[in-house]
Each structure stands twice: as C-alpha cells, then as structure tokens.
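Both complexes below contain chain A, partnered by chain B and then by chain C.
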Partner chain A sequence: MFPIAATLERLTADLTRDLSLFIPELILCGTIPFLLLLRLLFSTKTIPLAPVALAAVGTALVFALRTDLPTHGGTVTFGGMLLIDRFGLSVRVALLAYLLLAIPLGVLTKIPDREDAADFFTLMIGATIGLMLMTSARHLLMVFIAVEMASVPSYALAGFLKGRRPSSEAALKYVVFGAAASGTMLYGISLVAGTFGTGDMEEIAGQISYSRTQISLSAFAGVLLIFGGILFKLSAVPFHFWCPDVFTGAAAEVGAFLSVASKAASLALAARLIYYLGGTGVSHTNALAVLWAIIAGVTMTWGNLAAFGQTNVKRMLAYSTIAHAGLMMMTLTVFDYRAVPPLVYYIASYLCMNLGAFAVVAFVRNQTGSEELDTFDGLAKRSPVLALSMTVFMLSLLGLPPLAGFAAKFQVFAHLFENAHRYQHGEIGVFSWLYTGLLALAAINTALSAGYYLGVVRRMFLDTGEEAKAPLSVPFGGRVILSVLVGGVIALGGWWNPLTEQGIMAAKSFQHKSAKQKRLEMSQEQ
Partner chain B sequence: MITISHYLAVGAVLFTLGLIGFLTRRNLIVMFLSAEMMLQGVAINFVAFSRHHGNMHGQVFTLFIIAVAACEAGIALALFLSLYRKKRTLDVSVWQDLREAGIDETTDAQPLTTTPEDADPILTKAGIAPKRPLEETNV
Partner chain C sequence: MFEPSNLLLAVPALPLLGALLCVAFGSVKELRKWAHVPAVLCAALSCAAALTVVSNIGEADVHFPQDRTGEPISWFSVATATTKLSADFGLEADQLSGIMLIGITFIGTWIVVFSIGYMHGSPGYPRFFAAVSLFLASMTLLVLADNFLLMFAGWEGVGLCSYLLVGYWHDKPSAAAAARKAFLVTRLGDVGLLLGSFLLWQMAGRNSFNYQFIFEKAAEMVNAHPYLFPAACLLVFSGAVGKSAQFPLYVWLPDAMEGPTPVSALIHAATMVTAGVYLLARCAALFTLCPAVQATVAVIGAFTAILAAYIALTQNDLKRVLAYSTVSQLGFMFLALGCAGPVVPSFAVTAAVFHLFTHAFFKAVLFLSAGSVMHAMHDEIDMRLFSGLRKKLPVTHLAFLCGAAALAGLPLLSGFWSKDMILESALEAGESKRFGTLYYLLFGVAITTAAMTAFYTFRAYFRTFWGPLKMPEGAHPHETWVMNIPLLVLAIGALAVGIVAEPFTHWFSHFLGHAKTLVQADAGRVAEHHLNWPLMIGSGAVALLGIGVAWAMYAGNSQSADNLAKNLKTPYYASLNKLYVDEIYNVLIVQPFLMIAGFCKLCEAIVYDLVRLVAMVPRFLADLIRPLQNGLVQFYALSMAMGLAAIVGYLVLVAK
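What follows is the complex of A and B.
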C-alpha cells in the first residue's frame, strides 16, 4: 500500500537521469520566479525582462535539442509519471520554438507594458510548461495536472487586456467552460483509474489488451469523458463554442498562443491517449475510431462553413483554427506510428503560418486600432510588407503548392489515402470506408476554405477603398519576425526531407510495443 | 452494508447536480460553485476506489484535485470580482457582447434580481501618495 524501501531506492537511483531529461522544463520553472524577483528587486527600466525570458527559453531549447534518447520507445521517468520519447520531444521543441518567436512578437506589438511584462512572460512560460508536460504524460494524474497547468495561465492570458470589456468577457467564458470541461474530464479519469485500479496508462493498456473482448461499460464511459476534455482543448465541434468568442475578445498574440501551442500539445496528448486507451483489436477500438472520425470531419466542415461571412479577422482565424484542428484530428482516427510524421509536419507548418497571420493582425491593429476585416482593404498600398506576408500565410493556410501548408496537407491526405487502401483487405473493412470518407471531406473542405482565405487576399490587393489611407509602418524587429516566418513557410514547403525524417524518427517512439506485449505475455502466463 | 457502489452513487449524484447547476444557474459565483461541486463528486469517486483497491492512488489524485480546484477558484473569483466592478452585477447574461454576428442578444424573461448596493468603501488615505510617472507603453 505504501512505497517500500526498495521502491524508494529505485526512485532515488533514477533521479539524476530523470532530472537530466527534464532540464528544459526545469529551466523554464526557474525562469518564472527569477522574472518576478527581477521586477521586485530592480527597476524594470534598468533590466529589460524580455531578453532574460528569451535567453532562458533559448537555453531550454538548446538543452531540449541535445536530449539523449533511445531510438525506439522512450525513457520512463519519475516513477512512471512521464515518458520522454522522440515524439514528445519534437512537440516540445516546437513549443519552445514558438515561445522564442512569440516573446519578441509580444514585445514588438506592445501587449505587455513596462509594469506587467513579467506577468505576461510568466503566464506564457507557465502555460508552456503545462503544455510540455501534456506531450509527455504517461499517467492519468499527470494528464490532469498538465492540462490544468496549461489551462489556468491561459485563462489569465485571455483576460490580459485589462480594462477592455471584450477581453474580460473572453476570460470569463474561457474560465467557466474550462472549469466544467476539466471537471468532466476528471470524472472520466476517476472512472478509468478506478476500474483498472491504477492511473498508469501503460498498465491500463496492458489490461485492455489482456481483456481481449470488451472493457466494462463504466471504463468505456470514462474513456469517452476523458476524450471530451481533450476535445474541449482542441476546440472540436461539440465543444468548440468558446473558441471564436475567446479569440475575438483576447489579444491577437494570445489567440496565436491558444491556436498554435495549445493545439499542438493537445494533439500530442490525444495521440497518446488514443494509443494507450484505444486498445488494439478490442471491440471499443472501432467505436472510438468511428466517433473520432465523425467528430474530426464535422469539426473541419463546421469551422470552414462558419468562417464565411465573418467580419472580424480574429473570429475568422478562430474558425480557421477549428477547421485545421479537425484536419489534424483526422490523422489520429486509428492511431499507429504512421500517423506521427504527418502530424509533426502539420504542427511545425501550422506554427509558422498561423503565428504569422496573427502577427500581421497584431501589427495592423497597433496602427489602425481595428481588427475588422475591412481594415485590410487596400493594405497592399498602405504596407506592402504586411500585405505580402499576409498573402503568403493565407495561401499557406489554404494549402497552395510551394508553401508549407501544401506540404502538410499533402502528407495528411497521403496518410488518409494509404490507410483507406491498407484497411481495404483487412478484417475491419469499415475503416477503409471511414478513411475514404474523410479523404473526400477533407478535399471538399480545402476547396471551400479557398473562399475566405482568398477573400482576405482580394481585399488587400483589389479593394482599395474610397479614400487613400495613411501608409502603415512596421518596426524593424517586426520585419525580421515576419521574414523568419515567411522563410519558414517557404522552406517547409520546399524542403520536406529534414522535417519528415524527424517525423519518422519520432514515429519510432510508438513502433515498439514490447512493454505492452511483455505485459500481455506475462499476464497470460499467470 | 455500505459497498463501493453506494459511494459511487453519491459521487455520481454530486457530479450530476454540479453539471445541472452549472448549465442552469445565472449567477456567476453559483455557476462556479456548481463546477467545483463536480470536482467534489470526482473526489468521492477516487477515495472510494482507493479503498476498494487497497492502494493509495486515489488518495493522491484527491489531494491534487483539491490543490488544483483551489488554483482555479483563485483565478476565477479574482476575475469575477473585476467583472462585478465593471457592471455591478453577477448576472452572467450581461456578458454577451461577443457573439455571432446577426444573432440577437438572449434576454431573460425573469431577469436576475439584484439588490442595489452601496458603492465600494473608500479607505482613508494614509501617508504620501507615491509618485508614479506616466510612461509610454513599452517594454
């Protein structure tokens, strides 16, 4: 019942190794009190906080890139709480890279002022620690804590524009729905952990595959409730209603954080949950897959249809986020290691293009004070830099050939097509139909989305408006960030190999099933 | 004889009551209270399962639930306070500026009655007010 001396000894023996794998998170954890103390002890005039935060994130990124990991599987750390593997690592690197771009962007667009810069960076870094834990959670307790650690700072970020009524309303809606969603997810966790007598997902997976036939109804209900919580984080359709409102009310920079970083980590967590709790060849696997596919398809279609006719650009981008989340969810319908390369590629491309789109929105807002779509009328004349980069991001979000969005979408489509073909002759023919349907739906949706993405481009280049408006200037740093992002979009669209190889490396984390099979064999022997 | 199913039933009832309260109430604080009640239902589940399996996993879960619930309550109540300062009401239906274009505001047939209150008390000033130069918003 209580940990015995031998267990404690093992934990202490592994501690050094575990901590060395955990260095990036530790650095971020240390940065938070350091930033707050700096503000407390010194005048913020003498010590600017942004470079400190940037340096910390950069160091964390270097350590994350140098992490030494086995090629197959991963390293189980902290007594089974976390699993550090290449899949989790690639998403963690993406999250840190996002922070590295988002912190200077926040400074340039002047979201935090001198007084509350420490708060802004603390909240961003704190939420990112939660997101990084989400990508490597292996225990249901860790799933819950990581989701909460990511959510609670996000609530505060949504309301960061103090004194603005829409921002407060956004925070209110996010907090209230988020609390209910985490309660629901936790009820699911209690049912699953209670039925199997443990929260360790590897053990649960072993018990599921040992049962072979069917898991109990309460455990299945628990699994569904857990996925409900994840769908809320992903803003998938039955739980998407918070997303447009929060994005409209919160600052564009916060919207970028919620749509890029939060989505990436939630997808990684969803992949792990499907891998562990979905089971293979068990009766509930098929039910889960069908349900997941339907939700993904509906999410994508709903997002794309609702994005038409939006007048606020942040609201339009929110629906576009919902649509992209649906497309990314499609890869996870029946999760196996083949889904990892397209997923990783999509996350990286989405980071560049969506952060870029939100950055342009933030720069336009700073100069005009408006986030309506008609502000973009004739932007090409007012600021060619902004208009050109926005065009690149929009075309990439749509998925046109030489850009990152095309490469990512192509890989997802290829994955869907391959699976439709692979399951055709298998015993579960329904999956083939499922994948064919998803493929068709995704193709139709891409055509649909052209309407509103190209609409923005048309506004910028063709609609000049009645009177000539003052030109907009972009700060030098802003030009640098935009060109880095545009460069990323073009590079990811042109050179697929480096990132695809990373994705294949990451996929190897799931290719070994030895632990699962060992457990199965062990339990059969008993 | 009280078995595990009795505990689970209590947990389920608490959770459902919380969910219903969350969906139907209009007062911000009561809504959040209901959401917290859902968590308490879960905590009962965990403790019952912990006893049932004879291990400490459920107890650990419960401790973390309590800690996280406190964090959430902290941030939510601080937010509600600032919202109340703006509109002088806890009615959630006054907060619907953000909505789909072309959809009318939902109006209640029976609006939440609020008792008119005194303004926030003004504390007597003490000491010299610190000088706070106006700065341009920049980092």
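What follows is the complex of A and C.
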C-alpha cells in the first residue's frame, strides 16, 4: 500500500517517460494557475481568457492525439498509479474534444461574465483533469482522488449561477450526496485495501484469482461499496435522485458537462473495475453481472418513464441522461473487451447529441429567459436553425437512423445480441436469458423514449402557440458550434467505421491483459 | 496530389464542396447573388479533373484508393457469425465511366454557366446552385462507384436532387405534384434495383457488392440459379426503367418539365435519365447471359421509343415535345442494349453509349434553347402563342437548329451516326436464331420512329422560329452572352462530336471496347466495324422525309396541319392526350391505391386508439414514480442508503 524504496526507485527511473505520457494533463494543470494569474495581473478587459483556455485545451488535445502507445495493453506509469492505454486515451480525447466545444459555448451563452470567467474555466478544466485521471486510474487511491477531483469543481459549477436560489439549492444537494457517495466509496476502498494489503488493482485481481473461487465477504462488500460511489456519479437508480434537481438548478451548460463528461469518465472507470474483477473468474462476479444488468435495466426504464410529463426541458434532459446512462451500462454487463467498441462509440455520439441539445436549450434560454418546455412551442417559426438542430439531436437521442444515436444504440444492441447468442449453449445459460431480456427491455425503452423526444419536435413544428412570438437570433459562433455538432451527429450516424476501428484499437488494450491473466491462471494450475 | 487516383476522388468531392459553399453563400445576405461562383468553379474544376483522369485511363483503370491489394476504405460493415455485409467506398474509372464523366462534367459545367443568366433574380438562387452541385456530385459518384451499394447511394442522391429541382418552384402546386410524382414513380424502380443488387450479392456468395467480383461469378451464378439469375437481372432492369423513364414508368419525365429549364436540360435529358443506360451497360456481362431478358429490354426500349414519339407528334408545349423525345431516344438506347448478345455485346453497348453521349449534347442544347425562348417569352412555352422568332433570337435559333438537325438524324451530324449504329445492331440481331424475327420487327419500329422523330422535332422548330412573328404579351426578347456562349459551345458539340468520335476512326468503340465488363461480355467475339451504306442512305432518307413533311405542313402559313388533324380525329386526339396513359394509370393504379389508403386510414384510426390506450400506461407509471422525486434530501439519502443495503444484502445473502 505504501511506497517502499523499490517503488520509489521505479518511479524515478521511468519518470521522463511517464511525464511525457502525462503531458495533456500537465498542460491543463498549468493552465489553471495561468488563468488565475492573468486575471490578477491584468484587467480582464484587455486579456480575453477564453482564447487562452481554448488554446491550452487544444494543445492538450494535440498532445493526447500524438501519444505513442503500444497496440496491446498499456503503459503503467507513476509507480503503478496510472495506466495509460488506448482505451483510456480514447475517452481522454473525447473529454478534451468535449471541453473544446463546451468552452466556446459557455462564452457564447455568457454564463461566465467578465468577472468570473477565470473561475468558470478553471472549474471546468479542473474537473476535466479529475475525469481524465478517472479514465486511467489503476490504483484505488488514485480512483478516490480522481473522483474527488472531478466532483468538487462540479459542485461549485452546479452553484455557479450565484444569487439564484435553485442554483444554490442544487449545489447544496449535490454536495450532500456527493459527500455521502464519497464516504461510501472510501469505506469500500479501505475494506478492499485492508483485505489485500494493497490498492493496486491489478495486484488485487491477481490475488483474487489466485484464491480461485472465493473472495472474503468483507472484501466483496468493499468492492460493492466502491461501485456504489461510481453508480452515484453515473446517476443510476437508486443513486440518481440528485440528478434532476441539480440539472434543474444549474445552468444548461453545466448540465451538459455533468451529463456528458462525468458519465463518460465514470463509465471508463467502471469498465476498468469490472474488467479487473471479471478477469479473476471468481463466482461472485456472475452475481455482480446480474446485479449490474438489473441496475442498468431499472435505471433505463426509470429515466424514460420519469421523463414523461416533465415541463422543464432541463429536467426532461436530466431523466433522459439517466436513461442513457442505463443504456451505456448495458454494454458493461458483459465482462470482456468486446464491450469496448460500442461503449466508445456511444460515448462519442452521446457527446455530440447531448451537448447539442443542452446548447439549444442555452440559446433559447438566453433570449427568452425560460427553460420550460412551452418555450419551444413554434420554435420552428421563430428560429429555424435552432429548431432544426434540436430536431436532429432529439431524433439522434431517440436513436433514429441515419444519426449517431442509432449507430451507437445499434452497436450496443448487437453486442448484447451476440452475447445472448454466445451464452446460449454455455455453462451459464441463464445469462442468455438475461441478455435477451435486457435487449427486449431496451427496445421497449426506445419506444417509450419516443414519447417525450418526439414531443419536443412536435412542439417546435406543430404547436404554434397562441400569439406570434418574436424571432430568435443565434450568434454566428453559435451557428458554427451547432453545425459542428449536427455534422458530428450525422457523420457518426453515416460513417461508422473510423470510430469503430478506434474502438477496436481501444479494445486491444484489454485483449492483451486477458491473455496475461490466462497465463497467470495456467501457471496456477500447473 | 497529381496522382490520378486522388484526382478521381476530387471529381465527386469538388461539386460536393461547391454545394456546401453555395449553402454557406446563401446564409449570408450580401453573398446571396454570388452563389453561382462556387458552383461554376467547382463544376469546372471537377470537369478538368475528370478529363485528366480519363486521359490517364489508357491501358489500366484508375482506382481509388489507389492500391487494390490494400484494405479498401470501408463505408460500413455488419458482421454476424455466418455472413459479412460490407460496403466499401471504392471508386473506379474505366472507359465506360470515363465517357459518362466527360458528358456529365463538361455539359454540366456549361449548363451551370447558362443558369447564371436563366435563374437570375429568382427566389432561392443559392438553393438552385446548391442542388445542382449536389446533383453533379451524386451523378459522378454513381458512375464512379465500383460496387452496387455505393452506386445505389449515388442513384438515390440524384433522385433526391431531381426531386428538389423539379419542385424548385414549390409554391406552384403543379411543380410540387410533379416533384412528388417523379420521386414516387422512380422509387418503384429503385426498390427493384435494390432487390436485384442484393439477389446478385447473395448468389455471388454474400461476400461483396463489387462489380468485378460479381461479374466474375456470372457464369457460375447462371448455372446454379437458372431462374433466379434472370430475375435478378430483370429487377436491376426495373431500376433502369424507373430512372430512365421507360414504359411503363415513363410518366414522370414529361411532368418533370415543371422544373427550371436548365434542370430539364441537365438532369432530365443529358445526365440523370441516362443512369439506367449506364447501369445496363455496366452490367452487360450479366445481361448477355440471359437472352430472354435481353429481348425484354429491347422490346420495352422499342415500344417506349415509338409510343413517346407518337405522343410527341402533337404536343403544343415546346418542352413537352423535347421531354417525350428524350423518352423516345432513351428507348432507342435500350433497344441497342437489348441487342447485346445476339450482336457482339461491345458493338451493341457501344451503340447505346455512343447515342447516350451524342444525345447528351444535342438534347442539352435543345433544352437550353427552349429555355432561352422561354426566358424571352416571359415564361411562356406554349408553341401556339409564339412563332417566327428567328429574327428576334438569332443565336437561340441557330443553336436550336443545330440540336434539332442532330436529333432528327440529318446525315453527317452526330445523331445520325449514333442512331445508325443502333439500327445496325437491331438489323444484325435479326439474323440470330432465337428471337430473330422479333428483332427484325423491332428494327422496323425503330426506323418508323426515326422518321417520326425527324417530323416532330422540325415541327417544333418551324412552329417556333418560322412563320409570321407572334409573341405573347409582356415578352421582351433578349439574349445575353452568359446564355449564348453555352448554347454555342454545346451546339458545336451537337454537330461535330459524332463524326469526330466514331464513323471513320472508330476511336469511340475501340476506346469503350476495352472496358472490362464489355471484354467479359464479348467472350472472345470480335466486333466488326464497317459502314453499312444501304442502311445509312436509308436512314438519311427517312430523316429527310420527316423534315420535309414538317416543312410542308408548318413552315409556311398553310392550313394542311389543321386539315389533317380534322380528318384524323381519333389518332390526333389520342396523341394530344398522351394516349390517355395518365388516365389509365389513374383508374388502374391510383384509384385502387386511394381506396386501399382509405381502408388503411380506417384501420389506423382503430390502431391509433389502441395505441393511445397503450400510451397511457407509461404516463400512468410515470405518475406513480414522479412523486418520489420530492426534493427532500433526507428522503433521497434514505433511498440511497436503502438501495445500497439492498444491493449488498442481495449479494451477501442470496447470490452467495
């Protein structure tokens, strides 16, 4: 658990290489004090902070894209704290790309005013560093630190609209829940680390698989408590209650951040944990898979049902987020590398469509001051640009071809279907039923979700409202962002392969490990 | 960059870029009237790229991606345990697509230039150029694709653009209806094409949609599936029937003249409607293996040719005359395609493609001249309202005359040479053992049609440009250089492209004969090139006869035409009313469909109420769970703790 001389030696020996793999995070880390200093030293009128932040994120993205990694497996860095592999990298790239779009959106919708722009960017970037660490954490301590690093700025972001009561309420609720979840998680970590004497997940997995079939009850409870913390970040039922309240209170831009970025990173973390655990081959993991599937199914259904009859767009989108989280969790019900391509695809598609939907909400709010669904009545007449892009995002969230949402959903469904097929004749035939059931539930859910997604489209195009309302204008930059997102949604829906191939590349980082795991198992048998 | 394979990608990519730029120009108010600039530039550059590619074809085909052995660029792929459905993005320029490319991009560029003048000041100016550019992109993709699926993407793309452009003046109910009709009628054929492609894919082993791959298995397939294979060919042909406006699906094309005239010239005469001809030429290796299918193709082609020519005899709308003549000429091309097999395929297919090529030039110039007349006559196109325009519109007159003479098949002009090749194919096919008599009959039909063609073309010419000067009110005849230059360029093409390319040098047929699909279809047979003097003299005489009759009836101020119409009432009105085909379709197809639709509506009302009942369920469930979100932190925390306890409890107690 604690560093010994050998660890320290290893740490110093590989430091240069480790730092070079860590450059994107380092750039972001440097940007935070730089932004704060800029505000202290110069008048913010003379130095616009957004371009600086954008440039930094862009540079980080370039470095992330140029990271040189082995095709199989990954590179263990910082004495075993982080694992930089292609899977983590693809999620990190998605997070940075998201930030690259979210910062200009924040500037355009004027959420940060001149005074607190530095705070806004700092919080966004800080949270992103935490999220990026979540994707590459390999040590339980790192997991906890990363989750906290991502959470604390999120709390502040939720309450960013100072002086608005709902905003403060949202922040407070978020903090209370977050603290409870962190406590749960930390308790779980201490149980696990106490049992195995280390926080290194690969080592823990090795120890568990060495014990073959059994794992002590306290350790397993600890694992579950860790998952509890992650489920909170994922807003899975029954840890989801914070989500609608926080989304309603916080600004739409923040809602987009919480719904897209933090879900992506949490899923990446969950995938890693599940993968380590699944590789051990102990019988408990089957029970965990069933549990995970049940939670995914309930979350999806709950989110879709509750989204019906909402009158506030952000609240509706919050429930839609819960439903999508459930769908993405479905991919991970199967513990193997094949889950990675659909997951990566879903994350990228979800990034485009959900950020787009929240962006439209933000633009409408800026001009009308309202986030109620009625505001969207007759939007097609008031602003064709907004209405059309919102339609694309809604249809994509619903999963209609040829949009990104369809491609992503299709791949998730295909993944489940294949697994249902594979387990049919295996030892655990019950899994076949489980997956088939989950698939059917997902299909029903898709039909359910049509109710409220298409409802928005209907409002925009068919319900004109009683009196004629003034047309809404969208700033030029806003048009650019919306076209980029709409283009992304359409491109991902029409041209699957580039991203699927990235996903397959990312999956290789797991394939290699499973071979290693097999060797370990074989050596035990001999 | 100057790698031919990269240029190949540029051919469809440039017009696509042009379309996007047009849209961008359209969204900025100041740039709106400059929206033609990107369209013209990209079309011209695409043409230059196409010419460079074609000059590089020579011995080997040009491919994109360049390396055939490497992994193809995958468009999408779905793999299951038993089959792999994959579509690759591959472009390939061989001699056949090369010739199509020249026609599309060269004529397309000049038509875009012409549109600058023609569309000047119309609402939605950028929309027009965006759609035309998109059309060029789709059409080039259609001919460059190296597999059925990618070709189908281009095929549907041109269908979409045709819909957008026919319905360009969407405020006009007739234009909107025409656009809908065009879209729906061609869709009937498209379904067949898609089914046919998938049948071929399945018979070829469910591996690839690639042309070459499927063609290589053609002989195998026809042995293994003696009935399914011809069925697949017929399905593919049905796609061509829809797109190329053949009987019985030709009814959309005359209505499509509601679109702006440059569109009629580009899409509904020179390029898109020839896609069906291209498709059958491309698949010659498949079609030659089924003689019965080939006979069907030839019969449908010849029947369409004479039917449309008969209707064209009496139409009063100048553009409609041209539209029916397009249908008729396309029928000629299908007749030639249908002769491949009995005749050496490369000869018959060359005849069809050669006619396609020359037709593109002279039909484009005819439509553009008609557009110029229409522009000058204040959007009036009824020939009864104007006459004697040759002095007022000298350039238009000259261009129309060139086009009309070429279409009529006046000796030495381009239409003459290509039509002659078709007639010769039909005549030669008559010597074959199977269906020999049929082909002789078709030859007779074709030569009759040729005479009718000459007659109705010159009837339109004399009525518009000769006789006493007459103009509708509000007309202010004028010509502008931006419209004249394309007219003259294309008119020269209409006159000369035939004699330069084929009759004495046989350059065209030698070039096209090297296309892989034709080499395969020939199966070792060699096409003989000779000048069939009796046939040439005969067809020349027939053309002159038609023109002479038209001259006698319409050039002066004689009453002979009216008298003839009075004496032959039944045939006259049958032709004027388009043989009542639209009415027959209405009774036989449209009305029953409306009845079915009414029944479906009734069913739907029932289902709708049922669905509403089902839809109540989620709402009801939602109302059940919504109160749980009561905003009380204590309750949330409690439920979270309970949830966690339940999860741990489940695993500890139950799942152990």
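As a convention for this text, the second predicted complex is superposed on the first by the 503 of 526 C-alpha atoms of A that agree within 3 Å, B and C clash if a C-alpha of one lies under 4 Å from a C-alpha of the other, contacts with A are read in each partner's own complex, and residues count from 1 in each chain.
The definition used in the following text is that a contact is a pair of C-beta atoms (placed from the backbone, for glycine too) under 8 Å apart; a residue touches a chain by one contact, two chains touch by 3 or more.
A quick note: this is a predicted structure, and the numbers were derived from the prediction, not measured.
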Inset, instruction - For A:180, select first, second, both or neither according to whether it touches chain B, chain C, the two together, or no partner. - result: both
Inset, instruction - Would you check which partner chain A:305 touches, where first means chain B only, second means chain C only, and both and neither mean what they say? - result: second
Inset, instruction - Answer with first, second, both or neither: which of chain B and chain C does A:36 touch in the superposed model? - result: neither
Inset, instruction - Counting touched residues of chain A, say whether chain B or chain C comes out ahead. - result: B
Inset, instruction - Determine, under the contact definition given at the top, whether A:220 touches first (chain B), second (chain C), both, or neither. - result: second
Inset, instruction - Return first, second, both or neither, reflecting whether A:491 touches chain B, chain C, both chains, or no partner chain. - result: neither
Inset, instruction - Scan A:245 for contacts with chain B and chain C and give back first, second, both or neither. - result: both
Inset, instruction - For A:144, decide between first (touching chain B), second (touching chain C), both and neither. - result: first
Inset, instruction - Answer with first, second, both or neither: which of chain B and chain C does A:448 touch in the superposed model? - result: second
Inset, instruction - Please work out whether A:284 is in contact with chain B alone, chain C alone, both, or neither, and reply first, second, both or neither. - result: second
Inset, instruction - Indicate the residue numbers of chain A shared between its chain B interface and its chain C interface, in ascending order. - result: 173, 176, 180, 184, 244-245, 309
Legend entry - Residues on chain B engaged by chain A in the complex (per definition of touch): 11, 15, 18-19, 22, 28, 31-32, 35-36, 38-39, 41-42, 45-46, 48-49, 52-58, 60-61, 64-65, 68, 71-72, 75-76, 79-80, 82-83, 86, 92, 95-101, 135, 137-139
Inset, instruction - Can you check the complex and tell me which residues of chain C touch chain A? - result: 74-78, 81, 615, 618-619, 621-623, 625-626, 628-629, 631, 633, 635-637, 639-640, 642-644, 647-648, 650-652, 654-656
Legend entry - Residues of chain A that touch chain B when the two form their complex: 1-2, 48-50, 107, 110, 112-114, 117, 141, 144-145, 148, 152, 155-156, 159, 165-166, 168-173, 175-176, 179-180, 182-184, 186-187, 189-191, 193-194, 197-199, 244-245, 248-249, 309-312
Legend entry - Parts of chain A lying in touch with chain C, wherever the complex brings them together: 173, 176-177, 180-181, 184, 217, 220-221, 224-225, 228, 232, 237-239, 241-242, 244-245, 284, 286-288, 290-291, 295, 302, 304-309, 414, 421, 448, 451, 495-497
